[in-house]
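Next come two complexes, and both contain chain A; in the first it sits with chain B, in the second with chain C.
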Partner chain A sequence: MSQSYNRGLIEDFGRWKEFSAGMWAWIFHKFTGWMLIGYLFTHIAVLSSALTGPEAYTNTIQGLESLFIIRVLEVGLLAVAVFHILNGLRLLMVDLGVGLEAQDKSFYASLILTGIIAVASVPTFMDGVTI
Partner chain B sequence: MAERYSSFAPGGTAWLLQRITAAFLVVVLAFHFFLLHFVNHAADVTFAGTQARMENVGYFLTMVLFLIAGTFHGVNGVYNALINQGLEGTQKKVVLAVLVIASVGLIAQGIWVAIEMAGW
Partner chain C sequence: MSTQQQEPEQPESQEAPEDPEMRGAESPVDEKEKQGGDIDQQTTPESELEEESVLIKVFRYDPEVEGKQEPRFDDFHVPFEKGMTVLDAVMYARDTYDSSLTFRHSCRQAVCGSDAFFVNGKQRLGCKTQIADLSQPIRIEPLPHQEVVKDLVVDMDHFYDQMHTVEPYFQNEETPDASDLEEQRQSRENREKVKMSTRCIWCGACMSSCNIAAGDNEYLGPAAINKAYRFAMDNREPADVKEHRLRILEQEHGVWRCQTQFSCTEVCPKDIPLTEHIQELKREAVKKNLKFW
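Right, the complex of A and B next:
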C-alpha cells in the first residue's frame, strides 16, 4: 500500500524541473478537470438557446459549428477529456492498489493514447469546415 | 514505494463520492462524445434531432444524471483542490456557499433546458 514520505512542498510550481511523472500526472489532471467544469457551464449556457425556441437553438449550434476556431477548440476539448478519463481510470486503479509498480508507465500510456485518439478524431471533427 | 498525489484526503466522503461519480462519468462522457461526434455530427445537430433523443425517457434521465454527476464531480474537485491549497476559516465557508449556489443554479438550468428540449 501507499506509504507516506516527505514530498516537500509540491504546490510550489517553481520546482517544476524536479517533478516526477506522478507529479505531472497530478498537474495535468487538475488542469483538465478545471477545463471540463468550465466547459460544462459554457455548454449549458449555449444549450439554453433551446429556451428561446427551436430555431434559436439550431441556429446557435450550427452557427458555432461553422466556425473553424470552434472545431479546433473541440479537438482540444476532446484531448482534455480523454486524458482526464484515462488518467482518472489510472488514479482509480492506484487507489485500489492495482498496478502500483506500473504507475509511471500507465501515465505515459495515458498521454500517448490521448495523443492518438485526438489525432485520429481530427478528420471527423474538422469535417465540412474551412478557414 | 507508491507515489500518491491527490487533492483529496484518502478515505473521506468527498474522496469516495469523487470516485463513484468518476466511475459513472467515464461511461456517459465517452457515450456522449461518441454519440454527438461520430454517430451524429456535431455540426448537424438540430432542435428536432435533440428532441428526438431527449423524448426518450431513458436518454433524458441519463443526461440529467450526467449533468448532476458532472457538476458534483467538477465542483467537488475544485473545492477539494482549494482546501488542499490551504483554504480555511471564513474564506472556506464563503467559497463553499458560492460553489453550492453555482452548482444548484447549473443543475436547475440544465434540467429546465432538458425539459424544454424534450418538449414536455
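Right, the complex of A and C next:
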C-alpha cells in the first residue's frame, strides 16, 4: 500500500529559483491584491478622521505627509497598484484567449513598466520632505 | 533485495570512477566538476575510461522493507551515450547496479505516458528528456503531489478518477447505419481545432505541476479538462451532450479553479496548450449561461 509522508510542497518558496513566469505573475498578483485590500482599510481609517471635523482631517493628512516613511510607502503603493492593473490587463487578455504564447513576455513587460512608473513618481511623492 | 544500497557503483568502479570526470569535448558535465580532472587523469588508466559517465541521484523509498522506509537519494554513475535519455539512465542503473530500483516505463517513445518523473525540479517524461540537456548531477524524483508507492512509482488513482469524471469517450447515439458503410465524418477545420488536445497520454505531469490541484483535491485538473475539451469541441457530438459536458466543467471545482499559472502548459511533454483550452472552456461555460436571445 502507498503510504504518505511529507515531501514538501513544490511551490515551497525554497524552490523560488525554479518558478516560471506564470507562477511569479500569480504570486505577485495575489500579493499586490492583498496589499491593496490592506491599504483600503487604512485609507478608510484616515478618511474617517473627517467625521470629527475639517481641522482633524487636515491635521491627520498633514501629519502623515510630513513623515518620510509615509512618502516611501506611497511610492510602494503606486508600484503595487500599477502592477496589479497591468497584470490584470494581462489576465484579461489570457481570459479572452489573446496572445497566450506571449504570456511570459507580457508579465516581464508589466514588471518593467511598473518599475519605470514607480521610479518616475519618486520626485512627485518625495517633494519637499525632509528625513 | 540488493545489499549495496550505500555504494551502488562499487562493483563497477572501473566504469564509474569516484569523480564523474569527462574527457570528451561534448561533455555534459558542469565546469565545476571538470576542475578535478588533472588528478583523475594521473590515477586512473586512460584506456579503460573511454566513455563518459553521468551522475544521477535517484529518490528511493520502500515502505515494505525495514531500513528503506526513510526516503533517501542514491547516487548512480551511468556511462553516457549520445542520445541517452533519463529513462535509459535509470534503466541502466536498475539493470547494472540495483535491481530493486522501481519505476514505471513501457514504450520508451513518449506514447504510453507511464514514465513521468520530477527531473531537476520539473515534471518531465523520462523517455523524452535528453541527459545532455540537463545540468548534473541529475535529480530524479517521483511526481510531486501524488503519494509514493515505491521509489519513482506514484499512486495515479486520483488522477485516473479525475480523468474518468469528465466522461472521456465519444458520445453520440445517432450513429450512421453500418449497412450503408457510412462514416462519421469530421471536418478538417474541426479536426485541427481538437488536434492538440487529442495528444494527451495521461502521464499526469500537468496535474502534478498544478498548484491549485495540489491544494484542492476535487479540482478536475488540466488533463481532465483538456480531455473534456477534446470531446466538447468535437462537432460530431450533439448539442445536448456538449451541454452535459459543460455542466460537469462549470462546477465549483471545474474550469473556474484554474488561475492561469501556466505551470501545466510549461511541463506538458506533448506541448498541449492546456491553459488555452481551459480558458476556452471557461468562455464556453459563460456563453452557455448568458443567453439574452
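Going forward, the second predicted complex is superposed on the first by the 116 of 131 C-alpha atoms of A that agree within 3 Å, B and C clash if a C-alpha of one lies under 4 Å from a C-alpha of the other, contacts with A are read in each partner's own complex, and residues count from 1 in each chain.
Throughout what follows, a contact is a pair of C-beta atoms (placed from the backbone, for glycine too) under 8 Å apart; a residue touches a chain by one contact, two chains touch by 3 or more.
Bear in mind the structure is a predicted one, so any value in this text is a computation, not a measurement.
Colleague: With the two complexes superposed on chain A, say which partner A:Trp26 touches: chain B (first), chain C (second), both, or neither.
Modeller: In the superposed model, A:Trp26 contacts both chain B and chain C.
Colleague: Per the contact definition in the header, classify A:Phe125: touching chain B only (first), chain C only (second), both, or neither.
Modeller: In the superposed model, A:Phe125 contacts chain B only, not chain C.
Colleague: Based on the superposed arrangement, let me know which partner A:Leu91 touches: chain B (first), chain C (second), both, or neither?
Modeller: both
Colleague: Using the superposition on chain A described above, determine whether A:Leu47 touches chain B (first), chain C (second), both, or neither.
Modeller: After superposing on A, A:Leu47 lies in contact with chain B but is clear of chain C.
Colleague: Should A:Glu18 be classified as contacting the first partner (chain B), the second (chain C), both, or neither?
Modeller: Once the two structures are laid over each other on A, A:Glu18 reaches chain C alone.
Colleague: Using the touch definition from the top, say if A:Glu65 reaches chain B (first), chain C (second), both or neither.
Modeller: First partner only, chain B.
Colleague: Between chain B and chain C, point out the one touching more chain A residues.
Modeller: If we count touched residues of chain A for both partners, the winner is B.
Colleague: Once the shared chain is lined up, is A:Leu100 touching chain B (first), chain C (second), both, or neither of them?
Modeller: Both partners.
Colleague: Can you pull the chain A residues that chain B and chain C both touch?
Modeller: 1-3, 5, 7, 10-11, 20, 22-23, 25-26, 91, 94-95, 100, 103
Colleague: Sort out for me which residues of chain A touch chain C in the complex.
Modeller: That would be residues 1-5, 7, 9-11, 15, 18, 20-23, 25-26, 91, 94-97, 100, 103-104 of chain A.
Colleague: So in the complex, the part of chain B that touches chain A is made up of which residues?
Modeller: Against chain A, chain B makes touches at 1-7, 10, 19, 22-23, 25-26, 29-30, 33, 37-38, 41-43, 45-48, 50, 67, 70-71, 74-75, 77-78, 81, 84-85, 102, 106, 109-110, 112-113, 116-117.
Colleague: Okay, in this complex, where on chain C does chain A touch?
Modeller: Touch list, chain C to chain A: 63, 71, 118, 121-122, 141, 144-145, 147-149, 155, 209, 211, 214, 259-263, 265-266, 273, 275-276, 279-280, 282-283.
Colleague: Could you list, by residue number, the parts of chain A that touch chain B in their complex?
Modeller: Touching chain B: residues 1-3, 5, 7, 10-11, 20, 22-23, 25-26, 30, 33-34, 36-37, 40-41, 44, 47-48, 50-51, 54-55, 57-58, 61-62, 65-66, 74, 78, 81, 85, 88-89, 91-92, 94-95, 100, 103, 121, 124-125, 127-129 of chain A.
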